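Dropping a structure here in structure tokens format, bear with me for questions.
Chains here go by letter, A, B, C and D, matching the order in which they are written, and residues are numbered from 1 within each.
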Amino acid sequence: MNLWQALEPAQLITLSICVPFVGALLVIATGKVPNLREAVTLITAAILLSLVLAITDYTFLGTTLELDVVELFPGLGISFNVEPLGVLFALVASFLWIVTSIYAIGYMRGHNEINQTRFFCCFALSISSVMGICFSGNLLTLFIFYEVLTLSTYPLVTHAGNDAAKQGGRIYLGILLSTSIAFLLFAILGTYALTGTLDFRAGGIFDDSHNKVVLSVLLVLFCYGVGKAAIMPFHRWLPAAMVAPTPVSALLHAVAVVKAGVFSILKIIIYIFGIEGLKDLVTTDVMLYIGAATIVLSSCIAMTKDNLKARLAYSTVSQLSYIVVGALLASSIASAGAALHIATHAVGKITLFFCAGAIMVASHKKNISDMAGLGRKMPITFAAFAIGAISIIGLPPMAGTWSKWYLAIGALETDKFIIVAVLMVSSLLNIAYLLPIPIKAFFSKPAEGAEPWRWSQTKEAPLPILVALTVTSGCCLAMFFYLQPLVDLVNLIPGVSTK
Amino acid sequence: MSFILDYYNYWVVVFLMMAGFYIVISANNLVKKIVGLNIFQTSVFMLYISMGKVSGGTAPIVVEGVTQYSNPLPHVLILTAIVVGVATTAVGLALIVRIKRAYGTVEENEFDNKDDVI
Amino acid sequence: MLEQHLAVLPIILPLIAAPLALILGRSIFSWGFATLVSGLAFLLSWQLLAAALSDGVLSYAVGGWAPPWGIELRVDAANAFVLLAVTAISTLVLVYSKHSIEKEVKAANHSLFYTAHLLCLAGLSGILITGDAFNLFVFLEISSLATYTLVSLASDRRCLTAAFRYLVMGTIGATFILIGVGLLYMKTGTLNMLDLAERIDLYDSSRTINTGLAFIMVGVSIKLALFPLHMWLPPAYTHAPSAVTAFLASTATKVAVYVMIRFIFTVFGIDHVFVDMGMGLILMALAVVAIFKCSYMATVQSNVKTVLAYSSVAQIGYLVLGLSLVSVSGLMASMIHIFNHALMKGALFMAVGAVFYRVGSVDIKDFAGLGRKMPLTMAAFTIAGLSIIGVPLTVGFVSKWYLVIAALEQDQWLVAALVLVGSLFAVIYIGRIIEAAYFQKLPESRSSENIKEVSWLMLVPMWVLVIANIYFGIDTSLTTEAANSASEWLFQTNSMLENKVMEGEVLEGHAIEEKAQEVSS
Amino acid sequence: MAEFIDLVLLAMLALTALRIIFLKDLFAVVMLFGIYSFLSALIFLNLDAVDVAFTEASVGAGISTVLMLVTLAITGRKEKQSTHSSLLPLFVVLVTGAALIYGTLDMPPFGHPDNPVHQHVAPRYIEESPKEVGLPNMVTSVLASYRGFDTLGETVVVFSAVIGVLSLLGVRRKKKKDLESGLESHRVLHVVAKIIIPLVILFALYVQFHGDFGPGGGFQAGVIAAAAFILYALILGLPKAFAVVGPRFLQWMAAAGVLLYASVGLYSMYMGGHFLDYNQLATDPVAGQHYGIIIIELGVGVTVFAVMLNIFYAFGSQAERSNVQ
């Protein structure tokens, strides 16, 4: 599927970052003509996907793609280096961008949102920076694109411009920027001061000569510095970001931004500390149990939320910590599970958000308690919701099964039975807070006092929305049966294996 | 005793400087602050001139038969410094005149009641 | 001819131009003339930096009298670098000030404004270049007097009290420096800085010398607004005309920081200052307190100029922190930040001045909705604001990077952490303004007013600085090279001084400097 | 004997300073400051600094005091009681003073010929300057030649001061002639003034050109000449003084003085020397020094005269304005 054979392989990296960026500029240029603007978005997304597929090809062929762009400091600059984990994330993000774009067109028009040009522009910009994060060759580059991602999503969060949106935006920017500057940058600088390099290397850049206590502190700083991974207690920004329009919540706060966070942690653990090196650090276990606590606690919080998006947000917080826990288990199979969870959780959660948005557009309902009986009016939507929910819970025949499977095996291998227990409990909690929603929607009657005249008018959401959520729920199903390419990709990561 | 003879001059000068400095930072009236500033500076000038003095020397103007002159360099520096001082004084006083016109007062504690001084 | 006099020209060019600008009289002529002269000074300082980087040091004996009898001008990589920043900002601000001044200063005072600006520029250049401690005092007073004048030219009456406070504090500072220089002179008999450096070591443990050092340090600290001696700065920056604030914020305090560096590294020697006197710890503590206290103050102000003024005091904390680390990389971080902070604050204050030009007030609430009305100005503000925060690909990030690396090099992990945590305040105080500009609606009362983008004469200098913020944030080679050779130069001079003491040999005249030059080449 | 005089003068200075601290009547404060200035001029004289004494007497006791008095006429003569505590200032002053006293302990003894200041740099001025520069007054040699750059800076400082004062106060030409200004009705004063003023100007010229040989020079001469015109303005009123030399003209004069000074430097650069290298001005270096010093002293004198008079004009017209009100 390589459409770009004529090009120098390394140029693909440049293109995959520049294409969405140029797309953003074109969106501004064509802002006056909505149809053209949306066409630009879709075409850009399609080109990007083809680029990433080409990069995937090269990765399977074993070609190394490296690119040094500019030297910021002596011997240190923006440089890119494609490795399998990044490719996996890039695949997920670029594929889901197309789907989300289709969805967003339906949603934004159906909802008559203001400032649509700014919306699509920032959207493309954040995808551009996600690509930068995926392919970053050193911590500095990762950090730079991480910050660009934070800044370019800020206007999306505050999109509505009302007080709630501004408050949400403040929390969002406040937590993400603060943690990244105070912890992540500090950890990066500390790493640089210790080792003199920031390159991602197989097996890590630390060795036995470095003080283990300092490294332990650095690990904590990295974990909390990547605020996007939403480890408690720095998870508040994610529910706060739910004030954004649903497509933003769907792609960015279920996929791109949050996954950029856990991806960064995974990448730092694999390529900076090294999975082996992690085992010697005292804080590994500490962070592991904090991650486990996050899984359980945020699931509990999710149960109490009646607002659908808020419930999904806490669910996301919980699921993100699966990946963190997988990474911190310091076993090759758990790491593989963590990497796969990036993909499987992405399709599952985005389906759920799509459904939430569809409900909002079609019936203007936000609260779960109002949705009883809605399933009969919107069968496709709620069917998709059920599929997504089952995938998140981790039951066959949905994609989520595999990643949880590997995570559990990893936990067993390392004799961390508490983690196994946490995984089980969490699955039960998932069932408790996700499944009742479609069940009630299909089998309950509308609550008393619902406006009947309005009720009768409710029908399925616009076509683009339905297309999008059908595709993603289809993916949940398909990935259960056809996960092998992704598993192969994950097995290419040094030190990580599903066996 | 010779210790005192050697240094009494400097000590008194230090006292004078500090008197001027005290007026600057404690005075309530802006004109008095400027007076204090002048006293402070004039006393610093004395420090400089004192160090240029040679016992038994004369003013540094060539006169037949004199071999011992006081050091001319501090004198030059202080000539310059005096001019700098009067320049500052003039600008400071001009500011005071304008402040009086704008606020109706030149007493420091009266500004605070008038919302303006940060 | 030109090469021979390169060192003196950046001083005398604006010095001579100032009276001419007064004679020209008409606002437009003085403006054009002053801008031209400042631009020439910029080109000269560019030459000067190139010469200093290739040849090491340029010494110029004014009046043909050899130092220490005459006054010497000494240009090295360090002061040429700062001079470049000063003249560049001056030129840009002058271009900018034409319209800004028309709005904020009475028409009758326009030519006086440009005269005072040139005088200030001449004073600052003189402070940087001179190699004579007393001559430094004279130029300090030229720039100070011009500054008091510039501050008091605004139309709001509060500028008067601000200028008066500045005048009193500034004069106290200058007098302290005068006392300090006097004490040094008393013990050494010389005023030439290099000569002083050589002779001070002969009297190493002298109480008089130490007192002199203390007085010079306190005096300079007042001038550079080091916490807690910064009280004059926020009102002065708040109430001065916007163009003046943009100029002063990015140059005057930077020059004072350079003076501090100059005295510590080339006159007293770091061993004396930091080891014997323990100044390093004091400076470091004050710097950290400045960063936190003043950053916090910046977050609670409502006037945007005051916000940025407090931010400046906090940034001075970073500058002082860098030099208090006593290492080549720490000093280099300070030198880079001198340059970078000039770029950031210049752009920010210019943007705020543009808002004042259109809206007539710079309270945060007046920024509401300006993102749409003045897109270019607010975009400039946003980018420069991100630079203050230290977002990657801006100069702010480069500064912070070097400062933290320098701290970590000395195993000062706590200081490094504090630097980063301190910079979080910038997120708040810049964020408040940006949020108001982009995510609040223009108040109803203003919608009828004709608020639109300012003229290109104000936008171009602003955007030149903004682009410089990004350019030097990506291509750091120029700043790094200049700052690095500047700080290495300062350290070499310093270590030469110390070696001399250890070997017990007394080098006469400028032998030390020649030796240092040999080593560097 | 000299030490004794010194001690007495210092004691009087200390008393004056103490009195100023506690006095609330500002008129008295300013008069005492004038006295303080005079006393310090005497001390300078006693310490062989004749040029400095001359300057301090004319500036500190003269111009500064006059300006302060004019300011008082506008702002009122009573200081109000301060509301804030004076403990903090006292503490700051005590600490500073203690530091200084500590610093004096290692100072070279007062007046001792072996002190470093008399051993390094200065000996060359004393021994060589009569030959190198050719003037008997070493202070003038150092001021105008060795440290001519400082003096250029000093002239520019004065110029900056007038820029500041003019921008703050401005000089207003009065339109209405109806108000009687000055002391026009005092006939006796008119006559005396008309006799004195030419003498003062003559003296100023003497000081200007005799500065090479005895105490004096451009700065003192400028101040004295300005004093003559200030006297004129006081007695005959500002409008009449404006008719003689107008404020606008004075602005140009102030600028011209600075330019005259700087042009000497530029010319010496043109002749192939360094900036302000007077040796280049003539074939004989000593003659060149002499030409250079005369011209730059003239520049200083012109600027100082123009600036001082213009500052007085500015304050004077403000005072008249407040009288009208």
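General remarks:
In the analysis below, a contact is a pair of C-beta atoms (placed from the backbone, for glycine too) under 8 Å apart; a residue touches a chain by one contact, two chains touch by 3 or more.
Source: prediction; values computed, not measured.
Taking the mean Cα position of each chain as its centre, D sits at the greatest distance from chain A. Here C-D and B-D were compared by C-beta pairs in contact; the pair with more is B-D.
Mean C-alpha positions place chain C and chain D at a centre distance of 31 Å.
One simple way to say how far apart two chains are is to compare their mean CA positions; for chain A and chain D this gives 75 Å.
Chain D has its Cα centroid 13 Å from the Cα centroid of chain B. Chain centres here are Cα means. That of chain B falls 28 Å from that of chain C. Shown for chain D are the residues in touch with two or more other chains, namely 100, 104-105, 107-108, 115, 117-118, 121-122, 125, 147, 150, 153-154, 157, 160-161, 164, 168. Chain B has residues 17, 21, 25, 30, 51, 73-74, 77, 80, 84, 87-88, 91, 95-96, 98 in contact with two or more other chains. Touching two or more other chains at once are residues 134, 138, 141, 145, 148-149, 152, 179, 185-186, 191 of chain C.
Chain pairs that touch one another are A-C, B-C, B-D, C-D. Contact residues on chain B toward chain C in their complex (touch as defined above): 17, 21, 24-25, 30, 33, 37, 40-41, 44, 47-48, 51, 73-74, 77, 80-81, 84, 87-88, 91-92, 95-96, 98-99, 102-103, 111, 116-118. Within the complex, the chain D residues that touch chain B are 3, 6-7, 10-11, 13-14, 17-18, 20-21, 26, 29-30, 33, 36-37, 40, 43-44, 47-52, 55-56, 59-60, 63-64, 67-68, 70-72, 74-76, 79-84, 86, 89-90, 92-94, 96-97, 100-101, 104-105, 107-113, 115, 117-118, 121-122, 125-126, 130, 136-139, 141-143, 147, 150-151, 153-154, 157-158, 160-162, 164-165, 168-169, 213-215, 219, 304, 311, 314-315, 318.
By the touch criterion stated above, chain C contacts chain B in their complex at residues 134, 137-138, 141, 145, 148-149, 152, 157-158, 160-165, 167-168, 171-172, 174-175, 178-179, 182, 185-186, 191, 234-235, 238, 306.
Residues of chain C that touch chain A in their complex: 386, 389-393, 398, 400-401, 404-405, 408-409, 413, 416-417, 420-421, 423-424, 427-428, 431, 435, 438-441, 474-477, 480. Considering their complex, residues 70-74, 140, 143-144, 147-148, 151, 155, 158, 161, 165-166, 169-170, 173-174, 177-178, 181-182, 185-186, 189-190, 192-193 of chain A touch chain C.
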